[in-house]
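These notes are about the structure you will find just below.
Going in written order, the chains are labelled A, B, C, D, E and F, and every chain counts its residues from 1.
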Amino acid sequence: MFGALLKKELMVARRNWIGIVIPLFFFVMVVSLFPFGVSPEAPTLQKIAPGIIWVAALLATLLSLEQFYRSDYQDGSLEQTLLIAGPTQVASAKILAHWLLTGLPLVIVSPLLGILMQINHGFVDSNHTWVLMLSLLLGTPTLCLIGAVGMSLALAANRNGMLVAVLVLPLYVPILIFGTSTVTASLENFSYNGQLAILAALLLIALVMSPFAAGRALKISVS
Amino acid sequence: MTNKGLLASDLTISRAEHVLLEGAELELAPSTITYLYGENGAGKTSLMRCLSGLLQADSGKINWNGQSITSLDSEYFQDLIFLAHALSMKAELTIFENLSFYARLRGIKDPKSLIDDATSQLGIAQLQKRRFAELSAGQQHKVALCRLVIEPAKIWILDEPFVNLDKATRHWLAALIQDFAKQGGVVLFTSHHEIEELAIDQRIGIEH
Amino acid sequence: MNSFHEFIFMGKHGAYVWSSYLMTFIVLLGVFYWFRYLLKSLRSQVKSELNSSDSNAARPKARKLKVEKNESRD
Amino acid sequence: MASRWRWFHQLGSPKWFFEKSAKWLPWIWAGTLILLAVGLYYSLWASPIEARQGQGHTVRIMYIHVPAAALSMIGYVAMAIASTIGLVWKMKMAFAASRAIAPIGAAMTFIALFTGAVWGKPTWGTWWEWDARLTSELLLLFLYLGFIALHSSFAERAKADKAAAVLAIVGVINVPIIYFSVKWWNTLHQGYSVTQKGALAPEFQVPLFTMIGAFYLLFIGLVIMRLRVEILMREQKSRWVADWTAQKEQK
Amino acid sequence: MFGALLKKELMVARRNWIGIVIPLFFFVMVVSLFPFGVSPEAPTLQKIAPGIIWVAALLATLLSLEQFYRSDYQDGSLEQTLLIAGPTQVASAKILAHWLLTGLPLVIVSPLLGILMQINHGFVDSNHTWVLMLSLLLGTPTLCLIGAVGMSLALAANRNGMLVAVLVLPLYVPILIFGTSTVTASLENFSYNGQLAILAALLLIALVMSPFAAGRALKISVS
Amino acid sequence: MTNKGLLASDLTISRAEHVLLEGAELELAPSTITYLYGENGAGKTSLMRCLSGLLQADSGKINWNGQSITSLDSEYFQDLIFLAHALSMKAELTIFENLSFYARLRGIKDPKSLIDDATSQLGIAQLQKRRFAELSAGQQHKVALCRLVIEPAKIWILDEPFVNLDKATRHWLAALIQDFAKQGGVVLFTSHHEIEELAIDQRIGIEH
């Protein structure tokens, strides 16, 4: 059942892949703008790299939420799946699909962005790239999880556009802070285990709560 | 144990602060076809959504086979097909993809032959690879009806299933419903037109 | 506080202190009057609905179900 | 029903609360005014300037800044508790209460932010600094506004209540997370001083505590006012509201 | 007729006062993410401020495009307005409304964003804020104009499977670069007239071409 | 000069590479009601969209009052109301806001009284301030029908206008159409049910 839900999400996404590509494209573009906009010097870039990459990840997740949830609500397939599969399961499948389509690609392209932003400047044999990937790997699912709750609430409110962002952004801040500081710590040769542990803990909390809360909200939205 | 059907008692339903139905009682026994009628805005859809567990009634009980539908959650919903005004198909997917999604949700592993059968009954087999958005209104409706053939169920709640269909398809649907009831199914449907082809066992009107 | 002059100017910081107090005052009083206004307008709304004669006719009444069983088939 | 639960059920009754609160309000306002008068007298006139850290007269901003900041946080917690009660026990009055607290909490947050920013200019030399407390206060404002925005977006109140309650609860779990993350990230703001014994000279304590008391009463009074509005909105069509309006009419 | 079209757009987007405030929060929030990610120190913030504020503008335009056009297409009101009012007029009204709802609020809150991003740090009596506002005032309409063409093409392509929308993003890059560099020049005490002139020229070109092109594309999308 | 009606000649229409209609000829004269029928997917909607100028025919001419509808653009479109399957109302707006939007598009400055009249004819006057999304299916359809009363036109092209309506409203609509035709209007409509209340002047079938 979960498999069917997930497969449908992926299939729909493949059909209108603009929706999927745009966030990713956006992510890369935002990041690659900074060398133009701010400064092309390696040390400066390196300094702002973690923050920029993380903010871009956050915005990309946010940007894709609307697209990802709205259409099911409008064409009535949301209520059908809720009936057949139950709210928590529907929410979980959506969240997982959303992460596979926006979070995972980000994790995958992040080494490229690291190079673009000179993340290894002045280091030999550094593992900054791995740290960046790991932090994104732990952080982006949390973004999707929290985003699902916000989006489901916004759907229930039958409201368009930016309400989701307003609901969700304050909740994103801790993830952003810890995600960034993981990478920054690595760049400064400090230990980053603590930050990673916190990211993991946040992920766990969200993992326990979000599918349930999002499911409830989805149920409210179709009633 | 035989199925005891759907029983609603003392149902009060309201929308946006205004009470639609008060103290409604109804019984949908197995092997009966129930026709729900009422003018536009009477509350047919709201009642059906309530019976499907989508809308929360203000008060009252709804039992399926003797147990409250809120308590036995998934079991009732496995038995139910609810066709709403919205057709619940993804515009981007093909007919085949849409139908096999619902079939898989019901746990059918390999739905191909079932889908072939359903679509050819409705004369849309050659359109299986067409995207849902690229069908005519009636063809889209037919796709939704295929679900009745494909998915196993014990109760059908159908909100205006005859809309947009041409005469031949209406005949076909009436026969399908009759058949389902004969095999012990529970059927509740609405329509603003009389469906002469259908032998109706119970009529429920929403009236003042 | 020794003089009225000091009270007003607060040793070069008058603008900061007074603007803080003033803004606080405005916001809180604004909230207070806003709520008062809400209560009053609601009351007059309820009143006008009561007074308008057709209010009960316009408000749709709850409906009932009418069930007819067709026994002929069994 | 055990009698010690009676108050809970009475609070759950809109009619009971509406009638009783009309009697409470004058007392609350009277208390507020007295405390405010005393508090303002001390805070603007009778209390001395701060010399140790060279803040001078700007210390007077503290007497409104600190109460507002404290209430902004307590308000959010109260709102989340009310939301939880509403969701768990299906108590409509609790939903109404959470809706009533939101705008007042947001106003308090705004006051804390504004007075803090104004205080920051002479003491830190900048209106805004990305410091832990300031930042979490800003995020708290966004959480409040999100709650209000979400609640106002619904046509059906029952749906609005439930959805906004989900948000409030998710938000309150995040408040400590936000606070600690931000604190750990950057700290500049004043540490705890009021609560530590002897950290604050007694001549500052009198105006501060009076003002804190005044703000608490004011907060409660405003919440009750807004709750009365909320009750009227929700019960518009009930018998007792009609009776009440008719009765008001006669006076 | 144009008035009616415009009024409808504004009404749909902003059902009540909450809707008017939401874009303003949105900008403040998106911009205030960067201090968390990058660095809360004034000099760094000041340096990246122009880029960040401009990225927020771009983001807001993009984020709202889909929603802004898709729903009219789906509920059939697009074809009705095209029939009654004609394509160019429909496109113009949509573009203007879109700018009023995403571009203008950004211009209005930009001084506040300037404060948050410490744009005046180390300056007395600077006019950076004005330059920022002016650059946004000239640049954001162009974003809306180009976005309209892209979005209409994407709607039309739904049918033919051609994906033109991705082409829009590269067109945004020049605007972003000139917009950012206007403000950066001002921060570095250089002359910024050249950049402003280019922004104005881009606006003019877009103003002449976009409504017509977008109208045509909309017409194709409903056939 | 009297109106010469709508004349289509040698029309060829295709969708997705496959030809639906070839060399179709039809004439819709003033004061006639034309019923277009055909099974699901026959091409009724496609033909109507062609006649409304939304879909481009592969070949053929369509003239309104003697002039090609592509050449005299806006004039024809000022005369036309085309009601499609999609109801073309914004879910977020109220009934009143939706209807006054269309009225203003037609150049009606102060549509309030017209809207009051139309909605009360259909019994939805008290719902004017309700958002469109919060109506029942039939009520939503009624809102779309209000446009026929409010907006001035000389030709109505109505794609399944009787769908979702209760009996009383179907009567009302039939009378409205009859009346419009009596006053010189051109009407083309489709329906899968026979509408007995309506005196049809011309029947056009799309058949193999």
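As a convention for this text, a residue touches a chain if its C-beta (ideal position, glycine included) is under 8 Å from a C-beta of that chain, and two chains touch if they have at least 3 such contacts.
In UniProt terms the chains read A, E = Heme exporter protein B; B, F = Heme exporter protein CcmA; C = Heme exporter protein D; D = Heme exporter protein C.
No experiment lies behind these values; they were computed from the predicted model shown.
Asker: From chain C (Heme exporter protein D), count the fewest steps through touching chains until chain E (Heme exporter protein B) is reached.
Answerer: Contact-graph shortest path, chain C (Heme exporter protein D) to chain E (Heme exporter protein B), evaluates to 2.
Asker: Please flag the chain sitting at the greatest distance from chain D (Heme exporter protein C), going by CA centroids.
Answerer: Here the answer is chain F, farthest from chain D (Heme exporter protein C).
Asker: Taking all residue numbers at the chain B (Heme exporter protein CcmA)/chain F (Heme exporter protein CcmA) interface, are over half used by both copies (same) or under half (different)?
Answerer: Chain B (Heme exporter protein CcmA) vs chain F (Heme exporter protein CcmA): same; shared/all numbers exceeds half.
Asker: Where the CA atoms of chain B (Heme exporter protein CcmA) average out and where those of chain F (Heme exporter protein CcmA) average out, how many Å apart are those spots?
Answerer: About 30 Å separates the centre of chain B (Heme exporter protein CcmA) from that of chain F (Heme exporter protein CcmA).
Asker: Calculate how many whole Å lie between the centre of chain C (Heme exporter protein D) and the centre of chain D (Heme exporter protein C), each centre taken as the average of the chain's C-alpha atoms.
Answerer: Their C-alpha centroids are separated by 17 Å.
Asker: I'd like to verify one number: the distance from the centre of chain A (Heme exporter protein B) to the centre of chain C (Heme exporter protein D), where each centre is the average of its C-alpha atoms, in whole angstrom.
Answerer: 39
Asker: Using CA atom averages as chain centres, what separation in Å is found between chain D (Heme exporter protein C) and chain E (Heme exporter protein B)?
Answerer: 37
Asker: Residues of chain A (Heme exporter protein B) that touch two or more other chains: which are they?
Answerer: Within chain A (Heme exporter protein B), the residues that touch at least two other chains are 74, 158-160, 163, 166, 169-170, 173, 177, 223.
Asker: Which positions in chain B (Heme exporter protein CcmA) are in touch with at least two other chains?
Answerer: In chain B (Heme exporter protein CcmA), 15-16, 38, 85 touch at least two other chains.
Asker: Please output the residue numbers of chain C (Heme exporter protein D) that touch at least 2 other chains, ranges allowed.
Answerer: Residues 60 of chain C (Heme exporter protein D) touch two or more partner chains.
Asker: Where on chain E (Heme exporter protein B) is chain A (Heme exporter protein B) touching in the complex?
Answerer: 13, 15, 19, 22-23, 25-26, 29-30, 33-34, 36-39, 44, 47-48, 50-51, 54-55, 59-60, 62-64, 66-67, 71, 74, 154, 163, 165-166, 169, 173, 176-177, 180-181, 184
Asker: Over in the complex, which chain E (Heme exporter protein B) residues touch chain F (Heme exporter protein CcmA)? Could you list them?
Answerer: 1, 3-5, 7-8, 11-12, 15, 71-72, 74-77, 79-86, 222-223
Asker: Please output the residues of chain D (Heme exporter protein C) touching chain B (Heme exporter protein CcmA) within their complex, sorted ascending.
Answerer: Chain D (Heme exporter protein C) reaches chain B (Heme exporter protein CcmA) through residues 155-157, 237.
Asker: Enumerate the contact residues on chain A (Heme exporter protein B) facing chain D (Heme exporter protein C) in the complex.
Answerer: 146, 149-150, 153-154, 156-159, 163, 166-167, 169-171, 173-174, 177-178, 181, 202, 205, 209, 213, 216-217, 220, 223
Asker: Hey, which residues of chain D (Heme exporter protein C) end up touching chain C (Heme exporter protein D) in the complex?
Answerer: 44-46, 49, 56-58, 60-61, 64-65, 68, 103-104, 107, 110-111, 114-115, 118-119, 121-122, 218, 222, 225-226, 228-229, 232-233, 236, 241-242, 245-246, 248-249
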